[in-house]
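So, here's a batch of structures to check.
Same chain, two partners: chain A is paired with chain B first, then with chain C.
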Partner chain A sequence: MTTGPGRRARRRPGARHRDHLIGWLLVAPALAYFVIFLLYPALSALYYSFTDWNLRTEASWVGLANYADLLFDDVKYPHFWKSVSVTLQYTLIAVPLTLVAALAQALLLNAVRRGANLFRLLLFLPVVTAEAAVGAIWRWLYDPQYGLINTLLGLVGIPGQNWLNTPELVIPALAFIAAWQCGISMIIYLAGLKGIPGSIQEAAVIDGAGPWQRFWRVTFPMLRPTTFYLLVTGVIAALQVFGLVYVIFSGNGRSVTGGPEQSGLTYVLHLYLFAFRYDAMGAACAMSFILLVFIMIVTALQFRFVRQEAA
Partner chain B sequence: MSRGLVRGVVVAALVSGLAACGGDDGGQGAGKELTFWMYQDRTPQAGQVMERVRQDFEKANPGVTVKIVKIPKDDYNTKLGSAVASKSAPDAGILDQPLVSKYALDGTIKEVPAGLIDEADYYKGALDTNRAGGKLYGLPQDQTTVALFYNRKLVPTPPKTWDELKQVAARVHAADANVAGMNVPKGDGYGAWMFPGIVHGAGGEMVDDAGKKVLFDQPLAVEALQLWVDLQESSPRKITDSDKPFENGLAAMTISGPWDVPTIKEQFPDLDFGVAPLPYKTEPAGNIGGEDSVVFATSKNQDLAWKWLAFLSDARNNGAVADAFGGFPVHLKAQVPAGGPEQAAFLEQLKVAHARPAVPQWIQVNDEIIAPAIESALTGKATAQQALTDAAGKTRSLLGWNG
Partner chain C sequence: MRRLSMYVTLVLLAAVSVVPFLWMLATSFKHGPDIYTKTPNLLPLDKKTGEWAATLDNYAYVLDVGGLGNAFVNSVWVCAILVPAKLLIDALAAYAFARIPFPGRDKLFVIMLGGMMVPAITLLVPRIHVTQSLGMFDSGWGLIVPNIASVLDIFLLRQFFLSLPGELEEAALIDGAGRMQIFWRIVLPLSKPVLAVVTITSFLFHWNDLVWPLLVTNDPELYTLPLALQQLVASPDGGRAYYIMAGATLAVLPVIAVLLVFQRRILQGIAFTGLKG
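Showing the complex of A and B:
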């Protein structure tokens, strides 16, 4: 059998060039998609972030003014920092809550013998439900008069709350909905659990470890790469939360101002309002790049400081 | 029979398709397609009205096809903004009143051609919402306003003044602690939109846009906000924050517009409610809303587009069209479609309705400054005076006004 180089030398001249051509043709659709729908819009947004633009007239170059005004001018952007703080609080509550809920569900599903597929379906349903329906359902569940949540709390003697209209409760209430929608994280955790060799668990049992010890000393450390992946992607998603708050607070045709006292005015909702309601597309583009940089920093920090190897 | 029908439809489609191809640029508007953007139909009947008017217009203008594109109201401005930015705006479309001056000032829409309409035929208030810099940039299609909805079981006679309103609300709540007297508007964009109508009811004003003066920190406006604060005593939030408190019989009164009348009647047939003009302090007043229609600067069929808009708002069609849009006619001679007894209250309210300030940044002031100020007064974090003084200061800074 001839070796690679010798064989290649006998092929027709130009064949290598043709291989390249075919390669390019094969990636062309993906490349075209990338350039047209990702790269071009992103670069345009970067350009427009340095302009004053209302979508209708020609954009005028203002340099770094949008960035400076967003960060320092609280007359033009009175709720910018509020939206930053709302988003950070949401992320800090929603991400851990989602991970805990997903892991708990995955552990239960992993343990269940009969009807696992049914439970998997039920736990995954919230993910595939349309956002508008999710909003409508939860507005009803959180209703101060008829809400199921308050009814359930009442059974254990906790007084009912006006969840979506009390500024302090808005973020926990939203985070709880996010945790309810943890199905995708749950599936990934479940895959992680299935990947832990049974022999390790058996060895722990033989060594006399109880269920609690087995979880903390074997299962959880073995899931560390999964947890790290879910943490990083979860933080990125939480920092960009939009659809949920939009549907929760825009019911009955009301204009979206982000809930009582802007307590649910998340960063991307704020960005959306400036882009499409207050005619400041340039500032909105600047906001999106501030968010991009922030997400990059947070992600880098996580890679630096969070343990990601399985123990 | 049915096969014959199918064949007929196919032939008709082919013929009309050929006609559309052949008639391109055939002069006199023949073979032209006109695109018109509007909000999605509120009711199936509204869709039928628009379809009827469209067919009438096409009959009166042979060779013209009107393509009506219906977009959900929540997405409309976003889609329109994107279309304008990408130079693919329709020929004509509906435009929310406060946007007309913005679009006019940057040349996105065309001025109404001289002689298209007789301005004296239209309600002045509605027509004025189309003006910018003294020129007319659109035609109104409907006008609307908000009024007081009251539950007849709890409120036999609607209050006329602020004092009566407070008394009635207190009486209702005293009789049953689980029922709120009034669904007081909240400090959100919607509440901030309704607030000026209350301020006018005390003889106050939000701004004097000619003199560039902010007036909503003056005593009359502060009294209006204080009214809402006082009403909360008999109208706890934990009741009124529930879903549809008025419809469910948990709030005896609420403020809303004619668009809610058919919805309530359909979904809550057992609710016995009436509509009355807004209670006032010194003079009857309210605020005006509604839809205007404009022709975009990029349209290739501008004459035809204006003809279509004038057709929609003329004496013959405007009654039905305005009703389809959920409001009242803007043409003085248009027939007001016979509606329920609620209609009288809205029509009376319209006579005293004030247009919102013609300040291009008003939407932002409404959402970002006035709404939070109302909320902080309603939740007791500031007095009405403190909240409005603070908001007025912010508004002056944002708009660059000194007064």
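Showing the complex of A and C:
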């Protein structure tokens, strides 16, 4: 605040001191939340990752054993690298697919005048839907016998597939759902498109650039910051995909599988199973820190890549 | 011609995003045998006669036997308490961070922002442990208290509060108004747009959230709607699409209603915040 000395002098004495008190009082609830549910859990997760622990017993210190066993002992943790590979494949397919779908939708919405608001709303619908509902709906859509996907494919003469029960098809099927939910990226792209000055496009038209040239030479380069933001956040989210897979592969009762031949065993689903099914909390915490470090490395690489390109 | 092909493409894309919902809706009103057809029916029709044959039995079943009625009430309760409480705590903190000078303020804010960098999944296991230690595991408290503030919301609100003109507050201070009076009478009324965005995105997130209720509850009496739906999918009824689709419809409809009413605010809000927790 910029208060002149004369004005400040007219406030009642002791106001500054009271401000300190009120300030701390107002942030106190949020601060308590931060310490109890963010800071303490983060530090204790780090501590427990060095221990052998289930929720019922005392944790016993084992040093780096959890990390070493996860990474190198494929007898004790046979599916660790499988879950890494599933997650990387999912990320590599789902993120680009989502961005392309979002950009295509945004370009179309930006180009049409009439009905743009309605289309935007319809395209946004899948995003606000609960992942439990999304999983339930897509299990039914992908149903091998009566699912809409196979029925529609049948109408154009393509043989139906058992999407969620064929190991090679599980990741593409999951990635398609992610692209179906590209609405947030679409909205952010649309905001980016609105931010491109019309004069630049007009100048390109005058210079005789066709639509493709305008897209590759003008629009797409100007959207680079938006694309980069969506890429970073998209990768971080894809590496943590869990709820959707959990619902899709829900079995009898609370049992959960990783899909056929563990083809849908994403990293976080695996982590969840360690923590809450196999009672291996220490290993689960170690897994979460391996993921944290991995996310930090990937993000740093992305930033570095962009800086190099800019130079 | 180009315009036409654009509209055709848009209609196709919109169909891809909307048809699953229409199919969900149609299936939820169908009698059991009528869902097993070779040609897709986007209406609840009788399989043999092709005549209109809608039923509400599936809803009656999932609401009662499937436990979704109880879960719906739980979800409403959790959101009704959690969303306003969270908004209040976040707004108070954001106001102090934006406007009230106190020692250590900016350092504290930076530290809290840093906490946002830790992925939610890293915190999950110890968060459950903390919730247990506080005696809130498998209780209504456990669904609410561990979500009662959000650093991202504090950040968004603070940004908005910083953009408000300071003169109004100064005039009020000189007139002898207290900080809380200024907060209630001046700052909050001026901040309706950002408060709406934070409220709506919080509602959407917590109404839809599956993971936290999944981890923090065991008692089916406490299940929220997404969790009850997941349990229905996982139950022996899980193969019965007419039940599952009735359940999915119950989970989705309130959200669609909110989207229709607040579409402008939501879409604007997303453009500068992304959807968050």
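The rule is short, and it goes like this: the second predicted complex is superposed on the first by the 268 of 311 C-alpha atoms of A that agree within 3 Å, B and C clash if a C-alpha of one lies under 4 Å from a C-alpha of the other, contacts with A are read in each partner's own complex, and residues count from 1 in each chain.
Just so it is clear, a residue touches a chain if its C-beta (ideal position, glycine included) is under 8 Å from a C-beta of that chain, and two chains touch if they have at least 3 such contacts.
This one's a predicted model, so the numbers in the text were calculated from it and none came from an experiment.
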Partner chain in contact with A:Pro260 - chain B first, chain C second, else both or neither: first
Partner chain in contact with A:Ser250 - chain B first, chain C second, else both or neither: both
First (chain B), second (chain C), both or neither touched by A:Arg277: first
If touched residues of chain A are counted for chain B and for chain C, the larger one: C
First (chain B), second (chain C), both or neither touched by A:Lys76: first
First, second, both or neither for A:Asp52, with chain B first and chain C second: neither
Shared chain A contacts, counted only where both chain B and chain C touch the same residue: 55, 139-140, 143, 145-146, 250, 252-255, 276, 281
Residue ranges of chain C touching chain A (in the complex, touch as defined): 3, 6-7, 9-10, 13-14, 16-21, 23-24, 27, 35-40, 89-90, 92-93, 95-97, 99-103, 105, 108, 112, 115, 118-130, 132, 146, 148-149, 151, 154, 166, 169-170, 173-174, 176, 179-180, 204, 207-211, 214-215, 225-227, 229-236, 238, 241, 244-245, 247-248, 251-252, 255-256, 258-260, 263, 266-267, 270-272, 274-275
Contacting residues of chain B [partner chain A, same complex]: 73-74, 77-78, 81-82, 84-85, 102-103, 106-108, 186-190, 193, 237-239, 241-243, 245, 248, 250, 361, 363-364, 366-369, 371-372, 375-376, 379, 394, 397-398
Chain C partner contacts - residues on chain A that touch it in the complex: 1-3, 7, 10-12, 15-16, 19-24, 26-27, 29-31, 33-34, 36-42, 44-45, 48, 55, 104-105, 108-109, 111-112, 115, 117, 119-133, 135-141, 143, 145-146, 148, 151-152, 180, 183-184, 187-188, 190-191, 233, 236, 240, 242-243, 246-247, 250-255, 268, 271, 275-276, 281, 284-285, 288-289, 291-292, 295
Touching residues (chain side chain A, partner chain B) in the complex: 54-57, 75-76, 78-79, 139-140, 143-146, 160, 162, 164-165, 249-250, 252-257, 260-262, 273, 276-279, 281
